[in-house]
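Each in structure tokens, the structures are laid out below.
What follows is a pair of complexes built around chain A, which joins chain B in one and chain C in the other.
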Partner chain A sequence: MTRTRTPGISRRSTLALMGAGAMSVAAPWVARAQAKTIKIGMPTILSGRVAQLGTSSRNAVMLEVEKVNAAGGLAGRQIEMVIRDSKGQPQEAARVARELVNTDGCELLLDGEASSGSFAVHEVARDLGVLCIHTCSEASSLTADPKQHIPNAFRCVRQGIHDSIVGGSYAAAIAKTKGLKKWATCSPDYAYGRDTTGEFTLYLKRFAPDVEIISESWPKLFQPDYTEVVTKILQAKPQALYSCLWGGDLTSYIDQANIYAMFSQMEVFAVNMADYTALTVVKNLPKGIHSGNRYIKTFPTTPENAAWGDAYKAKYNEYPTNWSWQNATAVMFLAEAAKKANSADGKKIAEALKGLTIKCPFGADGTVTMRGDDHTLVGYAIGWGTTIPQEPYVPEVKAGDWKTIFELEAEWKKSKGYT
Partner chain B sequence: MDLDALAGCLSSSACLVTQTTSGLIIGMLLFLVAVGLTLIFGVLKVVNFSHGAFYMFGAYFAMTAYQFTGSFALAMLAGAAGTAILGLIFERVFMSRVYGADVLMQLLVCYAFVLIFDDVVRLIWGPEFKAMGMPAAFQVMPLFIAGGVVPPYYLLLIGVALVAAIVLGAGLSRTRIGKVIRAAAHNPGMVSALGINTGLIYGGVFALGGMLAGLAGALAAPVRSLTPGMGFSVLIESFIVTVIGGMGSILGALIGALLLGLIRSYGSLGFPLFTEGLMYLFMVIVLVSKPTGLFGKEAA
Partner chain C sequence: MTELEAGRAGTLAPVRGGAALGRYRDILIALIAFAVLASLPLFTGSKALLDFVIRCSAYGLFATSLNLLVGYTGLTSFGHGMFFGLGAYSFGLIMQKLGVPIPVAFVATLAITAVIAAVIGAICVRLKEIYFAFVTLAFQMLIHSTILSWASFTGGDQGLRGGIPRPAFLGINLANHVHLYIASCALLILGLLAMRQIAQSPFGYTLRMIRDNAARASFLGIDVWRTKLTVFVLAAVFASMGGMVMALFVSGAYPEFAYWTISGEGIFINMLGGVSTFLGPMVGTVLLLLLNDTVTRFTEYHGIVLGVVILFFALGLRKGLLDFVAEWFVQRRDAGEGR
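Let's look at the complex of A and B:
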């Protein structure tokens, strides 16, 4: 009897196929590295209460990706964005991020998550080794804490500690001029609200040691009614109020405080006021609220920034948000780093990103830098000013000084045990 | 805990006026939502978990009407009338099919519509938050009564809610239709046997409940931001009110809502980190001492 080989797949080729399959599961980016287009995955918040921010992130990314693709793509490869909704849930953000890399074949990640989700995506990036640029999380520890540091993750976002230093020094100068010694705070009761308020008051007191916090209010996140908080602050009779409420919470608070004439009784410092999402929604915006710049097309006062804001509005029929400029900057960084590395490979781009300075409409001096030692964005336009009820909303912004920011940030890192 | 602040407030007339009116405002708005909930439960024996959606629709209808007409009165009318029609349709087409079903089925139908209504709002008005803006007539300095601050708009809000409470209370106890509604709540079979269309009464009560929640949403629209899903937190507080006041009792809803408003208002001074907890603690105390609520009737 003779043995005949049955036609079809041999044992050897089956083993080879299985090996290749296992390789592509374990390291999918290797298998797909030669693809012509390069897929970039992006988990962000496209539904729920802060969907507007996620949508504005997507819009900004698409605006910039179109430009990069028109100019030849990422080292010759056209970018294909794969953008998925995380619903603002950290576990969903992590799941989506993993799926984008393992199933959809994305070679790079843009993490368009708020702070809570970005830490989850960061862990996915740590696990998979894929290049990840965080584009929305302002929590300082994400890059300041050396425990979080991984060679393949970067943060292209403004940072809480930078805002607090600039805001604290700006508010202290006004406190000294106007004799504002009694302060109240009113911020949402979760990590961002507590941390940001703590850091702001730290620097406020540092620059104006006479300041005393006489009342603190911590309304719930997304609380519909602030009446009891407003009246509590009125009872305390502070000379100034600090708040890091944001979005719909901030606009509700302003509407409810307005009818108690609160804004005529104290100076108000609301770090998140100067963002178009809030500025364009509040119908009766009081004059003279002090705010940090989030995104406004008039700061920095350059034609490049104004043109970018106008182009965004022309395309999407609304103004960009703080998340928009950060996401746009991330794409600009990717394009420049790929050019420098002459490759679309994540590892080579990561190497090129370290310490890279690029021209950017949102830079304090027309450029922004991805700091090499902690992989975070510096040199972006940062400042505070006062609001008016119509465009340009914040006519004059006092720019923060990056030399001071660097000094105090280094001190802060030391005090936290980060360096 | 800051008992000094609370004691200081109780000894100051300015603080008493401000905090008490603040409690009344929170309470009266809550009453409008809770009374609809309790009314529907009292007559239809259905716990309407989708009630918060009517509050949300009331706010959106009012904002849209205000944008088109610029009239505050028309905005309020649109909020109330729009949700009344919506309530009638919702009851006739969907809820009327699950009256005989068990509670779980009713709950599922209501919860499904919470999600559907939120998505409908998202489709029509968009996912981002909106603001109606305060009408020019109310953009005035607040009143100073005994040193306390009272915004004129909130006086209107309290007035409208009070009128609604009186009309509702008197309507149910003094008018023929009120008597029919109460009779239908007690024994619908007998009412039906007398030749009265109970389906119409059920639809009417649901529409009335929806209208009251819609009116609350419309009144809140100038001072609260509008987002899909905004009815949910109001619904939770309304449940607390109805549990405290007693399911099915209109007076209970009024007293429960006012107590809750005052707890929030004074609690924010004395127990700033436990204001929410105080509400639940109060609910627990009431439930333990009187499980049917302050004005709830014992089951026969």
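Let's look at the complex of A and C:
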């Protein structure tokens, strides 16, 4: 039997074509498999009363991760975020963090937990040795206390002690010019409220020694009605009031105090006012409340910061929160550290993170630093200003001085027995 | 032994024999269950599965101890979580501050819990139904507030920080994941076995009688108050065992462990699993943790899913899962015999 060549495409060339086709379809997959994705786990609070903590943190992380991935990923590996709800329960936070590492194969952790949850995740990091960056917990002891120190955990968050030093010196300057001697305080009754208020008054008295605290109120966390607190303060007739109420508590307090025209009778210093979560929710935002900056796109007054705030608003149709900038900064740190270490390995990134200074829209001078000795964020924009009822809400913010912060922080650490 | 019991002791001999047989059966089941659980790490390297069993041990001990009160004695405690928290905190604090060997801290924690439970119980068990429920809740909030405000000792709302030291003892190193897993399983099985013995003992049947008709029990010469107090203390001790397992798992203790939501979860577990069978709460624990772990993987709206499940159990089955299964078996058997 003679083989005749049929016209058309031969079997061999068909096979070759099919092979080439398969190659061209598969090539990106093969390439992607080589540059294996790196999973980053993130336990955070996505449900309940402070769900905004988790959602605004998640938004910011995703915004930054997209940029990092578009630029080639973490040392060439695309980032895949695995973000889970801990419901704000420390045992769940620990469980979720362990599961993210042990089951889901996450190689790094971003810890978006507040307060006790962050300490629970910290213990998981201690146990598993995985690189962990805390992005929401402001409790100073998390990094200041040497007992907490582990080589694989960092904190990319503002701190209560920094806020108190800047707030104390700012308030003292105003107290001196306006002659405010009689002060009242009103803060939530839990560790954050008590510690922050104590530290604020400590520094206020240090810079303005003739200040006297004549009334203290400690409403419960998430208290719905502040009538008795407001009337107690009005009866004491202070010249100024300090409060570290935050979020929904602060907004309901202001709405209720407005009825008694409290804000026309005294100067009010509310450290957590200048955050869009509070500014945009209060019904009648009084003019002239003094506040620390949480996140505000007009401070620092740089085009980079404004652009970042606008990009976030454009994507999520709401303004970022204090937690947003902190989480975004953590991703920026990861990207830079991976670049410096030329690796996505947790241990190498941890080494690179120590003392690393990066360009950042939220830096006081356009940069922020991960301090090497206690693995905590410094150099971020921190300042105080007064409110107006419409955008930009806090038109002028007076920046705090990091030199003073460092001096007093070192003193404070010594007094606590941390150094 | 009361006079009545002494008089009937002779006639009860065959019954006692049956009870002994039941006890051997329980011990056998416990041994098999422990052997199965302990050999699990040989077959699987899944740390998440081991974590799951450790958490089941903590919650299982807690929920089963609550069932001693709810199911067996008819005392619906809304504040049982305080003993879970107390166990975690006492154990953590003793280990952090005193640095004693783990078994010493373990026994000391049980003793502390027993004393505190005796004081709280002495006040609470005089009350009935809703009053009992609310006073236990009030004590729970008292303990929770104490933990929050005594920050210099307990760490306040940030909890016991710095990790719980776990020095090795008798060749057991609880800092090792597998060792911790086996120790948790052992505690769970021992705890369940002890509670099973309590439930099946004459004391256990006294509890059931008090639940069904306290006046009648009283007329039969039973000191109802003392019996209730005893079971209250016993339940507290087992709950604190659960708390200790949880403290070891998270290497810390947090105020949330003593909050009312933990008590609520305990009651929910009992509703899910069933209160009229001994292992009901254990089944409920596995169900709740499975549900929690799978649902939270996919959505942050887990509340909706759990709510639907509660509705299904409350309106659909009208009882816990194991109760439902047990009744279904009985009905089938009866139907079979009727034929």
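To be clear about the criterion, the second predicted complex is superposed on the first by the 384 of 419 C-alpha atoms of A that agree within 3 Å, B and C clash if a C-alpha of one lies under 4 Å from a C-alpha of the other, contacts with A are read in each partner's own complex, and residues count from 1 in each chain.
The criterion applied here is as follows: a contact is a pair of C-beta atoms (placed from the backbone, for glycine too) under 8 Å apart; a residue touches a chain by one contact, two chains touch by 3 or more.
None of the values given here were measured: they were computed from a predicted structure.
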For this session: Sticking to the clash and touch definitions up top, decide whether chain B and chain C on chain A clash or fit.
Result: fit
Exercise. For A:S47, is the partner it touches chain B (first), chain C (second), both, or none of the two (neither)?
Worked result: both
Exercise. Is A:A120 touching the first partner chain B, the second partner chain C, both, or neither of them?
Worked result: second
For this session: Tell me which partner A:V96 touches in the superposition: chain B (first), chain C (second), both or neither.
Result: second
Exercise. So, A:I388: does it touch chain B (first), chain C (second), both, or neither?
Worked result: neither
For this session: Return first, second, both or neither, reflecting whether A:Q148 touches chain B, chain C, both chains, or no partner chain.
Result: second
For this session: May I ask you to decide whether A:N258 touches chain B, chain C, both, or neither, giving the answer as first, second, both or neither?
Result: first
For this session: May I ask you to decide whether A:G248 touches chain B, chain C, both, or neither, giving the answer as first, second, both or neither?
Result: first
Problem set entry | Closest approach of chain C to chain B (Cα atoms, Å) | 6
Exercise. Both chain B and chain C touch chain A; at which residues?
Worked result: 47, 51
Seminar exercise, completed: Given the complex, residues on chain C that touch chain A span 46-48, 51, 55, 148, 151, 156-159, 161-163, 246, 249-252, 254-257, 261, 293, 296-297, 300-303
Seminar exercise, completed: chain A residues touching chain C in their complex are 46-47, 51, 54, 84-85, 87, 89-92, 94-96, 98-99, 102-103, 115-116, 119-120, 122-123, 126-127, 139, 141, 145, 147-148, 190-192, 194
For this session: Under the touch definition given earlier, write down the residues of chain A that touch chain B in their complex.
Result: 47-49, 51-52, 55, 216-218, 220, 222-225, 227-232, 234-235, 247-249, 251-252, 255-256, 258-261, 277, 281-284
Exercise. Touching chain A in the complex: which residues of chain B?
Worked result: 5, 9, 15, 18-19, 22-23, 25-26, 29, 127-134, 138-139, 141-142, 149, 151-154, 220, 222-225, 227, 229-230, 233-234, 264-265, 267-269, 272-273, 275-276
